[in-house]
Every structure is written in C-alpha cells, then in structure tokens.
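Each of the next two complexes has chain A plus one more chain, namely chain B in the first and chain C in the second.
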Partner chain A sequence: MTSARRGNPVLLGFAGLAGLLVILELLPRLGLVKDRYLPPASRIVAALADEAGTAAFWRALGDTLYAWAIGLLIAVAAGVLAGLVIGSVPVLRALTASTVEFLRPIPSVALIPLAVLLYGTRLGSTLLLVCYAAFWQVLVQVLYGVADVDPVAEETARSYRFSTWGRVRYVLWPTALPYVFTGVRLAASVALVLAITAELVIGAPGLGKEIATAQNSDAVPTMYALIVVTGALGVLINLLTRTGERRLLAWHQSVRGEVAI
Partner chain B sequence: MVLPIVLFAGWFWLSDDSESFYAPPLRTIFTAFKDTWQPERLRADVAPSLLRLFAGYLLAALIGIGLGVAIGLNRRLRAVLEPILEFFRAIPPPVLVPVIMLFAGIGDGMKVIVIVFGCVWPILLNTVEGVRAVDGVVLDTARAYGVTGPARITRVILPSASPQIATGLRQALSIAIILMVISEMFAASNGLGFTIVQFQRSFAIPEMWSGIILLGLLGFALSLLFRLAERRALRWYEGLRAARRRAG
Partner chain C sequence: MRRRLIAGLALAVVASTVAACGSDKDSSGSGGSSGGVDKVKVGVIPIIDVAPLYLGQSKGFFKNRNIELTMEAGQGGAAIVPGVVSGEFQFGFSNLTSLMIAQTKNVPIKAVAAGVASTNAQGKDFGAVVVKAGSPIKTAKDLAGKKVSVNTLKNIGDTVTRESVRKAGGDPSNIQFVEMPFPNMQAALEKGDIDAAWVVEPQLSTIKAAGGREVASTFVDAAPNLTIAAYFTSQKLLSENADLAKRFTEAVNESLTYADGHPDEVRQVLSTYTKIDEKTRAAVVLPKWPVEINKTSAQTLAELGTKDGIFASAPDLNKLLP
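Entry: the complex of A and B
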C-alpha cells in the first residue's frame, strides 16, 4: 500500500469537514430538516460574522475565558498542593482514599443550586463549579504521580541526606510532573465545560448565557454560531494543552519514548 | 472509611447550632431528607431520571462501540472523520440541550437524546483508539487460524480493545449523570434535577441540601457499580498487568 493510495490524512480530514458543511447546507435547503430547527451552514456562518462584529460577543467570550482561567488556576494550585501533601504522607493517603473516592463522583452540577444561592448570577457561581470539577482531575493525577516515585531514587535521596524540600524538588516533583500535566489537560477541558454550563443554566455572564438568550429570543442561527464558538474553544484548548505538554516535557521519558516509536 | 464518617460527624456537630439560612444544621437536612425522599417521590421523580439515564447511556454505548469499531478498522474513514469527531467532542455537552429542544421538544425523548449525544464521544473515541491499538501479531494469528468476519470482531478485536472501551464508558457515565441533571433543570416537569431547582427557587434550603446529598450518593453508587462490573469483566486484564509488572 503506497501512501498515495491511502491518501493524505490532513487532506482527508479537510475533505471530511467540507463534506459536513455541505451536508449541513443541503439538509435544510432540500427540506429534509426544517430550517427553523437547523439553518443552512451558510446562514450560521453569516450569524457568526454578525456576532463577531458586536462588542457583546467579545465581552461574553472574555468573561468565559476569564472564569475558565481563574477557576483552572485555583483548581490546579489547590490540586497540586493537596496532592503532593496527601501523596507523600502515607497516613494521610490511607485516611483520605475513601473520601476522595466518595467526593469525586459527586456530579458538579449538583452544586448549581448552592452556587445560585451563594453568588446569584455573578462570577462566583461559575468559579465554584469550575474549581470543584477541575480540582479532582488534578488531585487524582497528582496522587497517581506521587505513588509512581521510584523507591530506589527515594532511598538514594534519603541516604544522601536530602532535606524534605530537596526530596520534593528533585525526586517527587520530576516524577509527578507528567501526571500533573495530564491532570491539567483533563482539568482544562472540564473547566471549559463547567464554565459554559454554569453560564447556560445559572445565567452568569459569558458565552453560555448568550446561548440561552439566543434560544429564548428564537435566534436559531446565532445559537448555532455560538455553539460552534464553544466547540472551537474546546478544540483550541485541547491543542494548546497538548502542545504545551509536549514542549515542557520534552526531556521526559514518556514524551521521548513517543517520538522514538 | 474513617475519614468520611469523621467529616460527616464534624459537619453534624459544627453545624448543629448554625443560624445561617443557607447552611442549616445537618440534623435539619437529615430530617428533610427523610421527609422529602419518600417512596412516592422516589417513584415520581427519581425513577424517571434513572430510566432516562440508563436509556441514554445504553444507546450511547451501543452507538459508540459500533461506530468506534467501524471507524477504528478503516484507516481512510478515520482520516476523514477525525477532525469532525474532535470538534464534536470539544463542544461542551450541555449546550446541546437548547439545540435538541428545538428538534425533540421538552419530553423524555429530548433528555435521552441529550444524554446519548453527550456520552457517545468519549465511548466512540476510546473505542477507536482501542481498536487501533490491537496487537498486530494477534490479528495476524487470528487470520492465520481462519478467524474472520463477525468472529474476528467479537472474539479478537472487542476483547483486546475492552480496557480502552471501559475507560470511555467510565468517562461517559459521569457525563450522563451531569446531562441528566442539566436537561431536567432546563425544562422538565419531573426528575431529580427539576426537583432540586424547584426547592432552590422556593427557598426550601434543607430540602435542596438533601437533594444535593442524594445526587452525590447516586453518583457514588453508580461509579461503584461501574467499578464492580468493570473489575469482573476485565479480570483477565488486571491479571495480565499484574503479571507484567512482576516480570518487568
């Protein structure tokens, strides 16, 4: 099989996207789907262009990204700190294991009513949900990472009388770092989902609220355009965290091994 | 199991003389829990929620695994669909609620479709990855022994991909619970999410807290059930990994 016969994956991918756009254009045009429900792709693109010309759209985008970034930052800082402390003290680890297992599967949306009561439609509501959901992703990964420390390296560091700080800095941290990044990557996409959910359901300012407004005012193309924006944001965040991970961990075995294969 | 009990006891004790309107004493919440979640309410609100959850989740699993195997086995199909799938996966599932409301109204159908649409991506993408990663030697051996057609998929490919598929199913489960609640908060006349929001809107705070606790228990119970099922189904895999670890 030559590569020409298989086709260039990038080209095929573009062909797939183009095909999707054509289908989305034709379905309503041919009357297979009511265009009140699914407007043709061209009209969605036009609505997107309209939106991009308004200040409200950019403000909403900014609000969403702000809530996402702050929430993620808090969750990562808290998750890493808690993970390193809990992970390196065996007693704490054993004590908290069942609590972590119990608290983690609590769906973050269960906190929506509480967030509404505490913060109303302000930023705090979004932050509460984002932090809660993203924190567990980071914490669990850090715990895995700390558990992965090579006992020989740990004992070597001990016999060379590394201080506690030195052991954390030179043994624990480099081992846990790839796990931390996995946690951050997972947390980044979860944080986006929760930020937009909070805005959609609670009405905190941001893209989600704009979607709800568009739906209520029957502006269907605008609603689709905004949903496309949230999807694009998600893809962008995925790409950024993945390249960031590869860059920053270029020295690490997990990334080097990938390249060699 | 010590710490959760200690935490709960601490909450109980610390909140006992709480005057705060938003954080009532745990004792009050417990009483509210007992009074609120009576059998008829469980039947009227919790049962429909769970039924939608299971219907959506099962459908998503069938569609995700079926399509995932097809896409994973066909290189060209994969190349064509990959960007589209990446895009759909990146859309936060709750924003689909307004879209699907357009098509399916606000009935049970809408909620099930929302759950299917949100859950299918992690299952689909993990199945694709799992199918792609099937050991080439295993495939060649199967071919040499004349294992082809449906048997090739059910006996060779699905078992090899099952650990990865299980990962997808686990991710999908938490999404399913989230979407169950969100779709009911958005538009519903019954269900767990609807009831909790109703309590919040009428400032029935202890009842609202009891709903949050019930949701937490539900999430915990479902993830526990999933883990038991997974451990049973993937016992061979855990054994294999343990053996490899010993050898390595």
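Entry: the complex of A and C
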C-alpha cells in the first residue's frame, strides 16, 4: 500500500515532465509558436548537450553555486544569530520591530544600482543581493521560533537553575530549530533567484550572465537550455534542503507527523 | 549579567558577518603593478566590436608590453564610463556619442585608442535600419513619422538614423524613437510594435536571414569612414600612469591592425566570449578596425548630436580625443 503510494507520484511526476516535453516539441513544430522564439524541446536539449561540453558552462555553474552557497551561508549565520539575540531580549525585539518591518519588504533587486556602485560586476554585487534577500527569510522565522518557546518549559528550566547556555541549548534551540529550517529552505530558493538575477542584470559571472550572453548572441536554443539548467538547479536545491530538514529533524513532531499521515 | 554578555558577543558576531557579507576578496581594482606587470581591467560590452581585444590578448600583444589584461563584460555600456572614472576599470570601450555626452558634462575622461569603424560600404555595414519583409517602407525617406527602435535613446542610434532620413530627402523631426534591447527588436518588428529597427550585428544578420530588409546603412550615411567607438581612460590614470596608457594604446593598435587583417581569426575568437552560432559567425558583416580615430567623422557626429539636442553644449573634441 505505502510502497505503491510512494512509487506512483514519482512515475506520475516523470509522466508529467514527459508530457511537457512533448508539448514543447509539438508547439513549434505545428507552427503554433514561432520556432525562432521557442525552439522545439529536442533542439533545446541538443543545445544543452553542446553547452555541457564547454568549460565556460561549468565555470558559470560553479560561479553561480559559489555565490549562492556563500551568500546563503552568511545570511543564515547572520539571520540565526540576530534572530536568537533579538528574539530572546524583549527590549531589542521592541526596538528593532519597526526597522525590520521597514527593511524586509525592500525587494533585493531594488538594490541593484547600489550593488553596481559598490562592487561593479564582481562577485560582491551578487553577494550583496543574495545576503540581503536571504537574511530576512531566516531572521523572521527564527524570531517566530524564539517566540514559540513554551513558557512552562522556560520557567521549569529556570527553576532548575539551568545556565543561560543550558536554556539556549535545551529549551530555546530545539523549539526554534524547525523554524530555522523553514527559514533556510525559503532562503535557499530566494538566494538562487537573486544570484541568477544579479548575474543576468548586472553581468556578474555565472549562469545568469551566460543567459544574457546567449540572448545578445541570438543563440535562442542555448538561452532556453541555460534557463532549463537554472530550473533544474532550483529543484535540486529544494530537494536537498527538504532531505536535510527531514534527516536533521527526524526526532521532531513536525517531521514524524509528516511520515505518519 | 552573563545573559547580557552573551547577547553582546552574539551581536558583535552578527555585525561582523553582515559586514563580511558585503566585502569582496578580489577588490584589487586600482591596477597595481606586481613584478613590473600591470593588471589592467577593461570594461567592454561583449559584442563583435571588441573582438580585437580578445584576439590581441590571445596573441600576447598585451603581455609583450607587461599588461595582464582582463575584460569585464557587463550588460550594456551604461556602467563602463562610471566604472572607468571610479577606477573599477583602467580602460573602457564606448561609442563616441556616449563619450561626448560625458565630455560635455565635464566627466574627466579621454580617448586613448580607436575602437571600431564603419565599413563605409552601402548595404554592407555592421549596423543598419531594417524593416520586416513586405513593409511599405522602401527607403530611409519613408521612415519619417514612423516608429523606429534604438538600443539607447538620445545616443548614436537616433543621430545616425535621422541623418539617413535627412540625406534621403525625408523629414527626420517626427520619427518616434523607441528604446529596446537589440535582441528584442526582431520580435517587435514582426509583431508590428515598431515599423523599423536600428540594429547592429549579429541581430542584423538574423533579421535579414528571416526575410528582413535593410533600408539604410546609417553609419555610412552619417559620415565617410565613421569612427563609432573608442577605448578611453580617466584623466587621473593618464596623469599618474602615462606610461601604462601609452603601452595600452600600442597594444590595442597592434590588436586592431591584426584583427583587420585576419577576419577568419576574428570570427573564431567570437566563439570564446559570445554564443553566436557558427552559421551566424560566418555570415556577420565585420566592422573595420582602423588604428586612427577619424576626427572629421567625429566632428560630424558631434555636430549632428548638437543639432539633435543630445548634448547640453557642443562637445570639445580637442579635450576628448587623443
């Protein structure tokens, strides 16, 4: 029963993907869209194979992943630390609430001119945008996590004279951890979006820049091939963070509950 | 007490990571020399025009003069002039109209080498105004009152297009110029969003291959042997490191001459920094790469631009050109 249920979605997923590819192959071939603007899937795949044979493609992929990983790492570290500190000191929380609410909705892409002024077309530009966008995702989740600490557990820990570190380690952290992971998962996707955007718009090295170059070179199939790569990257990153979350939170009710249902 | 200490420590860590977030390791930037070799960054647009630079680099023309060259290819030229002024790039590539606009705004820059020039052959240049197959527009004269796309408004594209219309006996005053990136122009033409497009290679070849028709070789119409773009640097670098500027100019000149004499190698080097496919690479019209900036043509461009109101005041070419 359960194995059939698990097997089917995968099969269905592949069938869906195959269907999409067939549609993408037929649309231009039947003349419903111009193949110059949307080439058939087979030509996109061929262009992808060509790209995979070039060193430039792998370098660009590496650049994108590097900017994504470094940006995410910094954002998560800063977000978790800031969240724990702000969340556990009520005065700080009250002090920063309006500032956070003011800064958080600023779309990272609005900072592109600033990034260009500061770092030109270098890695720093991408990092600035990635960090800014990902930081808030983590921070806000951690703040919720800290606020979710059970007051009874907290009081119990206090009455047993747990040290500050002990309370953070045994009460605060386990409560906040699922929220942290939600934050990381959201931040991981947002970081990829911003990394590609920065490369596409600013021209910082990476897949986004390759897409722009393909567009400027009238290499339409190559452009689509690179877009497919960014999509696949998004799926991979999502899978990775979900798997990581499930593994590391295997003890937590939210994950155990997911399995039981 | 202890709680406050921990909070303080954590805050300090946050502050430092946030600061690190923005920092960048390879912020050398200022073109410092190490072991007698100058590191030089050139701001370029990754198009056919700058092929000599890539070719010259692979031939060692820059290395021979103790220049370690890197090309910073951003999207669009808008960042290049500010990049050169701020020292992010030591040199830059830009069309003459943009450089003249900068000059009239007293931006401290100066051209150091020729960039790219028209082929001077009607119907066989690397930039032109095109229309789609079956368009009622036959000559440049018919462009009067029509919608024409250019990559940047109030720049070289509308100036030379107006001149083509004027020379064909039309009235250029009521052309509606629309700004859009070159790669979008073919679709806009075919959908009828615009009546004509001012394009350069490789889009010119692509549009022609799809049945588009050329109505004006705008660079040829504007002036004989028009110099379109140039390499430039900041006045600061010129006064502080005149020797580097001199070596850069020599290396660029050698590259330009080599590129002009070896079109096959130019088409080959395109594959290293663009994604233009092989068929298009073989078909594109290559520009000319003379070593001299044609001052007469630059003067014409300045006068035309002044007439169009692109410049706040007439550009001073003596200050701008070498």
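FYI, the second predicted complex is superposed on the first by the 252 of 261 C-alpha atoms of A that agree within 3 Å, B and C clash if a C-alpha of one lies under 4 Å from a C-alpha of the other, contacts with A are read in each partner's own complex, and residues count from 1 in each chain.
Methods note: a contact is a pair of C-beta atoms (placed from the backbone, for glycine too) under 8 Å apart; a residue touches a chain by one contact, two chains touch by 3 or more.
Predicted model, so just to flag it, every value in this text is computed and none were measured.
**Student:** Just to be sure I read the superposition right, which of the two partners does A:177 touch: chain B = first, chain C = second, or both, or neither?
**Tutor:** Neither partner.
**Student:** Check whether chain B or chain C contacts more residues of chain A in the superposed model.
**Tutor:** Greater contact footprint in residues on chain A: B.
**Student:** Looking at A:212 after the superposition, I want to know if it touches chain B, chain C, both of them or none. Which is it: first, second, both, neither?
**Tutor:** In the superposition, A:212 touches chain B and chain C alike.
**Student:** May I ask you to decide whether A:222 touches chain B, chain C, both, or neither, giving the answer as first, second, both or neither?
**Tutor:** second
**Student:** May I ask you to decide whether A:116 touches chain B, chain C, both, or neither, giving the answer as first, second, both or neither?
**Tutor:** In the superposition, A:116 contacts both chain B and chain C.
**Student:** Figure out whether A:143 sits in contact with chain B (first) or chain C (second), or with both, or with neither.
**Tutor:** neither
**Student:** Of the two partner chains, chain B (first) and chain C (second), which one does A:89 touch, if any: first, second, both, or neither?
**Tutor:** After superposing on A, A:89 lies in contact with chain C but is clear of chain B.
**Student:** A:78 contacts which: chain B (first), chain C (second), both, neither?
**Tutor:** second
**Student:** Which partner chains sit in contact with A:129 here, chain B, chain C, both or neither? Use first/second/both/neither.
**Tutor:** A:129 contacts neither chain B nor chain C.
**Student:** With both complexes overlaid on chain A, does A:230 touch chain B (first), chain C (second), both or neither?
**Tutor:** first
**Student:** By the touch definition above, which chain A residues appear in both interfaces, chain B in one complex and chain C in the other?
**Tutor:** 36-37, 116-118, 200-201, 212, 215
**Student:** Could you list, by residue number, the parts of chain C that touch chain A in their complex?
**Tutor:** Touching chain A: residues 2-3, 6-7, 10-11, 13-14, 17-18, 20-27, 46-47, 72-75, 79, 82-83, 88-89, 182-183, 186-187, 190, 202-203, 206, 210, 273-277, 280 of chain C.
**Student:** Going by the contact rule at the top, pick out the chain A residues touching chain B in the complex.
**Tutor:** So the residues of chain A in touch with chain B come to 6-7, 9, 12-17, 19-20, 36-38, 95-96, 98-99, 101-114, 116-118, 189, 192-193, 196-197, 200-201, 208, 211-212, 215, 220, 223-224, 226-227, 230-235, 237-238.
**Student:** Within their complex, state which residues of chain B touch chain A.
**Tutor:** These residues of chain B touch chain A: 1-4, 7, 22, 75-76, 79-84, 86-99, 101-103, 174, 177-178, 181-182, 185-186, 193, 196-197, 199-200, 205, 208-209, 211-212, 215-216, 219-220, 222-223.
**Student:** Using the touch rule from the top, collect the residues of chain A that touch chain C in their complex.
**Tutor:** Going through chain A, the ones touching chain C are 34, 36-37, 71, 74-75, 77-78, 81-82, 84-85, 88-89, 92, 116-124, 127-128, 131, 135, 163-165, 200-203, 209-210, 212-219, 222.
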